Structures are given as structure tokens and as C-alpha cells.
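Here the structure comes first, spelled out in C-alpha cells, and everything after it is commentary.
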Amino acid sequence: MTTHLFVQSLTSGLTQGCIYALIGLGFTIIFNVTGIINFAQGEFVMLGGMLSFYFTRSAGLPIIPALLVSVLIAALIGAALYLLTIRTARRASVVSLIIITIGAAIFIRGIAGEKWGVNPISPPAFTGKHPLHFLGATIQPQALWIIGITLAAAVVLHFLFSSTVIGKALRACSMNRSAAGLVGINPRMMALIAFALAAAIGALGGAVVAPLSFMSYDAGVGLGLKGFVAASMGGFKSQTAVIAGGIVLGVVEQVAIAIDWGPFKSEYKEAIALVLLLLILVVRSRKLSEEERVS
Amino acid sequence: MLAALKKHKWSYVGMAACLLLLVLLPTEYLLAEKISLLTAVGVYSIVAVGLCLLMGYTGQVALGQAAFFGLGAYISAVLSTTHNVNPWLAMLIAAVATGAFAYVVGFPILRLRGNYLAMATLGLGIIMWVLFRNLSQYTGGPDGITGVPDLSIGGFVFDTDLRKYSLIWAFCIVILLISQNVMRSRAGRALRAIHGSEGAAESVGVNVTQFKVKIFVLSAVYASVAGSLYAHQTNAIGPGSFDFLASVLILTMAVVGGLASVWGAVFGAAAILILKIEWIPEMSKMSFFRPLFMSGAAYLISYGLLLMVVMIFLPNGLFVSLRDAFDSWRRRRTQRGVAG
Amino acid sequence: MSASILETKALTKAFGGLTAVDKIDLSVEAGKITSVIGPNGAGKTTLFNLIAGVYAPTSGEILFQGNPLGHAPPHKRAALGIARTFQNVLLFDNMTALENVMTGQHPRSRYGFFEAAFRLPKSHREEEAISLAAKRYLTLVGLGMYADRNPLSLPLGQQKLLTIARALATEPKLLLLDEPGAGLNALEKQSLSELIRRIREMGVTIVLVEHDMDLVMGIAEWVIVLDSGQKIAEGTASQVQKDKKVIAAYLGEEEAIE
Amino acid sequence: MRKWFCVLLAVVMLAAAIPLAGCGGEKEASGEPYKIGAVFSNTGFNAPLGQPEVQTVEMMEQQINKKGGINGHPVDIIWYDTASVPATCYDMAKKLIDDDKVVAIIGPTGTGDTNAIIDLVRDSGVPLISCAAGTTLTVPTATNDKHWLFQTPQTTLMIVDRLFDYLKTQDITKIALITDTAGFGVDGLKTITAEAAPGKYNLTITESQTYGTNDSDMSTQLSKIRDSNPQAVICWGTNPGPAVIATNMSALGMRDIPLFCSHGIAFKAFIDLAGDDANGVIFPCGKLPIVDSLPHSAQKDLLLEYRKNFEAKYGKGETNTFGGHAYDALSMVVAALDKAVTETPEEISGSNDTLQAVRAKIRDYVEQKVNSTGYPDTDGFVATGGIFNISASDHNGLSKDCIVMVKIADGKWTPAE
């Protein structure tokens, strides 16, 4: 495989990976704080794209305000999701919670399909479409935005968790919910914040990727799944691990296309991601069960 | 024996009633024109029961059951169409192959617990779906496989709706009875023990990993058999029928049935299928809802709403809730009897 | 001194930095009631988990009836005749009291899925035997009348008795009781110690971890004292009570508490 | 919260209960209606194709009933959503046949969905006029003679042939493919590779790539394609994939290589998505997009009529060929009911034998009369897709002549020749 092809697959992989990472971060935050895997995470990504389209094209706002409003609205929807479903379902099992979030995802998809139709939409690129070249590879400016915003989000999150009161409270919850309750942190409030935060991050991802890949009412499923894999690869633990997981996933997929041989065919991209997921889980299974035993 | 009869009196009465209903339902007097719905209930009950054994009794989350359902359907379809294998033999091969596959993946995967197990099974399910869709040379790709022959015994072909219905429900009943026997046995106690506490189960000599894998395999085989029956019933299959949402559908049936109940699975399958292929389509006919259904929104909204509402208000299922109510009523009655 | 049923040789278990059990050599005499005591965090429960096979030892080995257990998993050890109860009860809340005890018969019965699925004669025969045995053990601990109750609907004292019945149902040679007395009132403790003696009469060797000194001193024929993972003393109840190290250890704990 | 949900639940259940009680939606024309069934992908991956089809039949139902129905009888078009899932498609079709007792079924949208019910319609003896373009769909097989199956879209084969004819005129012999992994792309890939083979059009395929339907970036695939330096890139997929590829190609500076797409992009949405990058894209398609530039003909009038009505109801620029497929399918059934069926709806709902007889009549009419014998003065059945000449040996009835090459120039559809 030629160098520029390799570089191209790396850059494309990095771009895709950053999106996966952003979505994965959302999964991680909710999972750590509440122990729930929120299968509606992908829908927030979709909402981010759709809303930013709505506010730029229909409401005619400039990019940045549109972005902020979209993210804010998504956060509110995230909070509403928690209050209306998770919070209402008292003493529900893991399975019930999973199905509830899946139901929520389908519900949101339906609303979006009604509001924006089934044809994909494309919000304007942040800073034009004039591509940049290096080493024979091409990057669109929007891709740089994606990478930049992902890193920014990671930094902000890190700051939030390490050096703000809320962040510390959230971390306390993720370490030990009941103990956190004992020291006067309200786990429900923390869960609410976690859902809002996750929704916001997801929407951010959707808003930055939409100009590049466009967005349609049913895009949440696929994107959510990738983010989910990224989060699992990162072990649902630290932000850095998740971002690394996302980028690895993105690059592997693209390199697989570049190799395009045997099992590494572009048809099997989704499968490749999930096989990775399975391998990682199984390798880590021993450790996981040990942890559970000791605790 | 008499004692047993007394002990399970009500469940025998229930069974008799169910059987009678099964015979009467497809007749002109009741629901002749809904026979395909009734047949579908039979097929999905088989899958749902498997899931009940795995999740309700043993407490192992599984989000990829459609993979085994599809595996059975595809192996049966491919063998009986392109390779002209006898359908019954094909069904057997499918069941064995699916079981073997479940056994191989089961050992590593079932070491995981809770959410991690959910992820793994979810991943497995989608991988299989991608393979169904993309291994075009064997599976017909996205267009699926057509011309799957009807099952037949000697000259007797299961070609009419009524015959298919009877065949599938015969299978379903046998599987239900088998499942019930297993759950009331030593193995069943071991499995429930695993659900209760793996540590305690080990301490009384239960080989936890082995039993988990065994029940995983059993549920996979059930799904496979259901898949084969489905393929021969509808004579055609496509990858879209075995995707993630299909797994969710099966999962919901099992949960609505109240997981820890073999007969609940049938109830759950019936409840969900009536909503999905009877009520929601009927709604779409009404001029008031039509515009919403044209844009597809109503289908998604009502389905999503259904999942949420059921899980929030009936976390341990419709069937179990009803059964518990019935039991408490019986207890009160007997107590009054003692008093009087 | 007659044959010892259980021996540990330089048994050690370390979690990361902390060494919970540190080169412990001990030998449990068959048919006796042995008690392992020691202040909190002395490593008593870890020792139990090592014997029961929940943890693999970091080093050292365990011999049961003279044969090394190696890395045999818990269910194998149960089959060999090592039964245990848990500090935190761990009853199966998805079964009746009787069924809980019936699970205990698991290693003493064979029939599996196939026989069960088709109700073959073998399954009937074994089920009969299992339920008979289970009822016997349930009556032994005095819960005969609660057979059909959900275990969690019973008071803690009876739950503890039920776990003992469940453990006995595995027909063990060695029974490990993890703080059976904790949370019981004086009366319940009384009947508990009687029960333990009766089990001993059945020829089952008993090792119990217990905090309640009166209970221990009442029934234990041999006492082993652990402190911060090491064996600091052993002997008859009266011997260890006089032992300086033991007193120091316990005083240390009390100071720590104050 | 719980109350909020109970209310919603109540609404859903109630709404569902009413029709079970037996009172459906009301209709303009009076009397018992002819029931025609339809299954389309309102949701799922085929929704962008399926929804215009549903919109079309809804529109036509109202028009027909406003005009007083068929021979004085109103029509009731009962459509269900297959969610692009074969299993659901089967359930819905079965419901239409057994429960609603429809005289014919139109749809489904996709080839996969259609395959799920071809044996069903054969066994139940119900005419199915599919809106899926699968090339071999109506070709008899060992297990199914396709007696009851028709299809209104131009098949993938015709479209590919039309495209390749055009490539010949441009002396293009080296092509690279990029197709999606969903049904549409796979079908295209299969047909293209078959037709490009030596002895057919003998084109060289320098590189063949695929992409997932919601991938955000195809640069890697396109770089591989560029390295294989083809004379043209052929992209087979439905939105948004082709639009992403168009933009990526411009970004990679590959637009000196002409980009050919399939009829899957014949939507306003494609131009909205790709913006300037849409310009220069060429695709084979039914005549609808360039109807204005057509010489006067019966089909032109029909197309203009269809576009006028559709856009009046659903908005400017929303017409597309897929809605047209449903239009054609329904027109055939309506024509059959009008010309070949003497039984009244009451008689049909009265006895199953009559119902079966009517179903057979409709099938026979479509096979024997939807052609130049039935419509001699237009030598064929005029429809939006073209002039149909269905026969016992050809249950599609179109030819590649009814396909035109469309080129997008400054955001507009224009004829490529």
C-alpha cells in the first residue's frame, strides 16, 4: 500500500475515531455515574446534527451560537430522558434499564423523523470546504474542527472531573454510589447531571460531524454502536482511554479498507469493530471477575 | 403422583385450558383469519423461552439472541435450497451447529457478568447480522434466500396455514414441557442458584461456568429450532429479520412474560406480537393517525413508548404480575376455607 | 493426636501490597470443633476463602485428608467434602427454604439436563432421594415447618440455620462456619451451639470463625488465634485465654477502637 | 411522571382498540370500497424510497374517490409499514391477504422485502405488483414461476445497460466502482460486474470498493480508486453515501474523473446535500427529472400531471421516480378493477371464491392487457416509468429506452445528451 494511501487512511481514521471517541465519552460518563449503558446515546448525536442544521439553515443563526443552542437543547432532552424514564423506573434490573433506553432511542428517532423527515440533511461546514493537503493525503477543514473539538472536550472534561466540586461528586458516585450518598452527595442529582452532560457531548459530536458526513434521523443507531465499542475498548473508565479506544477503532477501520484483503474488507468494517470489542472483553474478563470477587 | 397432581393442580388446569384454547383459536369460531399471527406467536415463544431460561432463571443477560435465531434459519434455508438437504436433516444440522457455536463462544463470553455480558452478546449478535448480510455467495446477501421448501413427513406436506400452525405449536409445547421439567430438576436448581449467588452456588458444588454454558447452548438451540421452523413457514428469509432490533423484540417478549416463568414467555410473545402486527397496523389505518404513520413516526414512537412503558411499570413482566395476583387470591381463599 | 483432616503449609495470600494470610501452618483434627479467632482484619475470612477455593493461594499449599488441593475450584472441593457457610448468609432468594437445602445435594446426585428434560426414571429416583435428604437436614436444624417459605422471609437466626442445613446437605467431612453467631440473640446462640455439637456427633469436623468468645469458649475443643495474617497462638480455650500475645492482640484492637 | 405515562399509554391503547371494534377511517365516496393492499418501507433503511410511494398512493386514493371511485365504488388503499424488515413485510402482507381480504397488493419498496413474500402471494393467489428494482425479481425460478408477481421500476439491469451504452458513446472503457453494503449497492455491484464482463460491454473494472451506509468519510476508498486511475467512477447507492463521495472527490481533487451515480440519487435531497459538488454528476434515471425538456408525448403529460398533483400536496421539488413506481403499480390495479372486474365490493367481501376470482382477473388483466393489445393507440400502458408492455414472458414490461441520462448542472437536472 502506497504511503499517501496509508496517510490518507490514518487521517480519515483519526477523524472518524474522534467522533467515535466523543460518543464513547457520553457512554462512559453515564455508565460510571449510574451503572447504566444508555443505548439512546447515539440519538443525542443525531439530535446534535439535526438541531445544528435547523438553527443554521432554518433559523439562520451563525455557526457558534447555533452549536451552543443545539448542545444546550440536547442536554435538556438528556435530563428529561433521565427524569421521565430512568428515574421513574424504580428498582429496575439491568435488563429493564437497557430496554428502557433502547425504547427511548426508538422514540426519539420517531420524533426526529417526523420533525425533519427521512432524507439526510447537511449543515454548513464551519470554515468552508477548501481542503488541505499533506503527504499526498487530503483533510477537509471540518475534519480539523472535529479533531480539535474532541481534544478540547477531553480537556474540559478532565478539568471538570479533576478540579470542580460537581466533577468530584460525580467521580465519588462512579467509585461507590452508596458511599457517595452517605457523605451527602445526592446520587440522583449526579445521575441527572451525568445524563445532561453525556447528551451535550453527544450532540456536540453530532454537530461537528454533520457537515462532513451529513445526518439523518436514523443515523443514531450506527454512530451510537461505534461510540459504544470505543467506550468498551476504553474499558468504560478514564476519558483518555476512551479517546484512545475511539481513535484506534477509527484507524483500524480505515486501514482495513486500505488493506482490503480477506476479512479486512470494507463490507466487514462493523464486524471488525465488534470482533475487536469481543476480544478485548474476553481478555479482560478474568480481571473483571477477580475485581468483582474481591469487592 | 396424586400428591404431585394436587401440588401442581392449578398449573395442570392452566395447561389443559391453554391446550384447549390452542385447538380452538385457529377455527372459524375464533381467529381463523389471524392464524399467521398465532403461528408467529408459536415461533417466537420458542426463542423467548430459551431467553427466559438463560436470563430469568440463570440471570445471564443476552442481547444477541436473534443471531442464533438467524443462524438456525440460514443454515436450514441454505442447506434445503442450494444443497437439497432434507429439511428435517437440515434443521437437525442447524440445531447441532448452532449449539456447537454457542458452546465455543459461550466459554469465554459467559465469564463476563452484567453489563459486560450484555455488551459481548450484543456484539456477537451484530457480527452475525453483518455476516448474514455480507456473505452474499452463501446467504443471498441483503436480498436473502427465497424458495425455502415446506416441511413434510412422508407424503404429508405442512403447506397450509393450519398445518404450519399445528406443527409449530407441537414443537412449542414439547419445548415448553422440556423447559419446565429442566427448571424443576436438579439442573434447574443449580441454575437458579447461580442467579441467586454464584459464590454460594459454587460452595454447594455447582460448576458455575459449565452450567452457564450448558443453558446458553440450550437457549441457542431453541432459537435455532425456531429459526428453522420460521424459514420453512415463510419460505423466505432475509438478514433484516435478524438484526439488533430483532434481538430487542425477543428480549422484550421474554421480559414482558416475566423472565422467570416458562409459560410467561408465550404470554410475552403473544402480547408483543399482537401489539406489533395487529394493533399498531390497525392504528395506521385510522385517518386520525395516518399522517403520523406515513412519515413513519408513529410506528417508531408507539414502539419506543411501548418498550419504555412496559419496562417502567411492569419491571417483572405482565404475566408474573397477573400470576402473583392470582396466587395471593388463591391463598386468601384457602385461608378463608381453613377459617370456616 | 489422631489424624488431621485439614492441613495448611506456609499458606500465604497477598492482595497487591497487603498480605492477608501470611505463611500460616495449621492442622485441624478430624471430628473435633476447631475455632479460628482473631481481631478484625486478622485474615480469618481470607483463610476460609483459601480453604474453600474461592481464592488461589499466593504460595504454600492446603492438604485435605492428606492430599494437596492445589488449585481445585470451590465446586470440586465441595464434592470432596468441604462445605461452608457465609458471613453474609447468601441464601438463594429465588427458591423456597427446602429448595435451598436441596441445592446442597447437588454434588451427591448425578442426573442432568437430559434425564430431567424427559423425566426419565433416574430423575424420579434421585429427586425422591434429594428431597428426603433435604427434609431431613431441614428438620435437623429445626426448620422443618418452614419448608415452603421464602428464605428471606425468615428471621436472621433461622436464615443462618438454613445456610447450615444447606451446607450439611452436601454431606461434608469438613464444615466451615463463617461467624454463625453474628447477629443472633442469646437464646438463638444457645440452640446454635447445641446444633454445632450435634453435627459434630454426626462425625463432621467443624471449623468456625467466630467473634463471640462465650460461644467459642463454650464449644471449641481447639482454638487457633490469628493476628494480621499470622498465627500467633493455638491450644485449648483455656490455654489461649492465658496467652500473652493473644491478650495483647485483643487489647491492641480495643485501643484501636477507642 | 407515572401519570404522564399512563395518559400516553391510555391514548395508544384506546387508539388501538377503536379499529379493533371495527370502525376505520371515513371516506368521501359512499358504499363499500374495493380494498387494495400496499406494503412500503415508511421506516427503516429504505424509508427515503418508501415514503414517496406511500404519499403517492394516499394522494391517488383521494383523487380516485373524489372522482367518484371505480365504476361508482370507492377504493380503500390499506398500506402497512414493513419497517424495511422482511419478517414484518411477511406479517403485513399476510394480514392484507387473510384479514383485510384485499384484491391485490402493491409494493414492497425493496427487493429483500419482496423476496420475503413472493412465495406467499403465489400460495395465496394474490397479484403482487412490486416497486423493487431487483433484476431477477420477476424471472421464474425452479421453486417459483412468479405467476402472480409483477414489477414497475426499470430493473437494475436496464439501468446499468443504459449507463454502459452512454459510457460507450463517451469511449470510457476503464471504470472504478464504489457501492454501498445495503441491498441497493450490492444489487448494483452484482449487475455491473456481470454486464462489464467481456462479451457483454467488456469494460475494465480497475478498482471496486464498498462503504457503510452511515460512514462519514470515503477518502480512503477514493484514494485507492484514484491510484487505479480509471476513466470514470461509478457510485451505486442511496443518499447520503453518493453525496459524501461527491464532496470527498472534490476534496481529493478527483473531479477531473467523471462521477456516475445510480437512479438512487434522483432526489432533490442529493443536490441539497452535495451542493456545488453535485454539479457534473451524471446518472441514469426515469424521465421524470427532465420531463420539461421532453418532446410532447402522452407520458410527458402524465408526468407533468403527476408532478403537479404531488408537489401541490407535498411541496415543491419533492417529486421523484420512486413515488412514480407506486403510481404505476396502483394505476395498473385500478385499470384492472375498472375494465376487467364486474363484481361489486359487496359480492367480493361476501364470498372467498369471488375474492379469489377477482384476484385472478386482476392478475390476468395486468399480464394480458397492460400492453399494446390493451392500449393500442399508445402502443402500451402509459405510466410514469415509461410505456409498459407486460406479457406472460415479461412481468416487468419496460425496456432500457425508457431511461434517460441526467446530468446535474448548476443545481438542476438536465438531459446529458
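Just so it is clear, A, B, C and D label the chains in written order, and each chain counts residues from 1 on its own.
We take it that a residue touches a chain if its C-beta (ideal position, glycine included) is under 8 Å from a C-beta of that chain, and two chains touch if they have at least 3 such contacts.
Keep in mind it's a predicted model, so treat the numbers as computed, not measured.
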Contact-pair count is greater, between A-B and A-D, for A-B
Computed over C-alpha atoms, the centroid farthest from that of chain D is that of chain C
CA centroids of chain A and chain D: separation to the nearest Å works out as 35
Dist(centroid_CA(chain A), centroid_CA(chain C)) in Å evaluates to 48
The distance between the C-alpha centres of chain A and chain B, rounded to whole Å, is 32
For the pair chain C and chain D, the C-alpha centroid-to-centroid distance in angstrom is 72
Touching two or more other chains in chain C are residues 54
In chain B, the residues touching two or more other chains are 134, 199, 295-296, 299-300, 305-306, 308, 312
Residue ranges of chain A touching at least 2 other chains are 88, 113, 118, 267, 270, 293
Chain A partner, complex, touching residues on chain D are 1-2, 4-5, 43-45, 47-48, 51, 181, 209-217, 219-221, 223-224, 227, 239-240, 243-244, 247, 250-253, 267, 269, 272-273, 275
Listed in rising order, the residues of chain C that touch chain B in the complex are 52-54, 73-75, 78-79, 83-84, 86, 90-95, 99, 102-107, 109, 111-113, 115-119, 123, 126-127, 130, 166-167, 169-170
Within their complex, chain B touches chain A through residues 55, 61, 63, 108-109, 111-116, 118-120, 123-124, 126-127, 130-131, 134, 199, 244, 248, 251-252, 255, 259, 292, 295-301, 303-308, 310-312, 315
Given the complex, residues on chain B that touch chain D span 33-37, 40, 81, 133-134, 136, 141-149, 159, 161, 230, 234-241, 243, 245-246, 275-290, 293-296, 299-300, 302, 305-306, 308-309, 312-313
The residues of chain A that touch chain B in their complex are 31, 35, 37, 85, 88-89, 91-100, 102-111, 113-114, 117-118, 221, 225, 228-229, 232, 267-268, 270-271, 274-275, 277-278, 281-282, 285-286, 288-289, 292-293
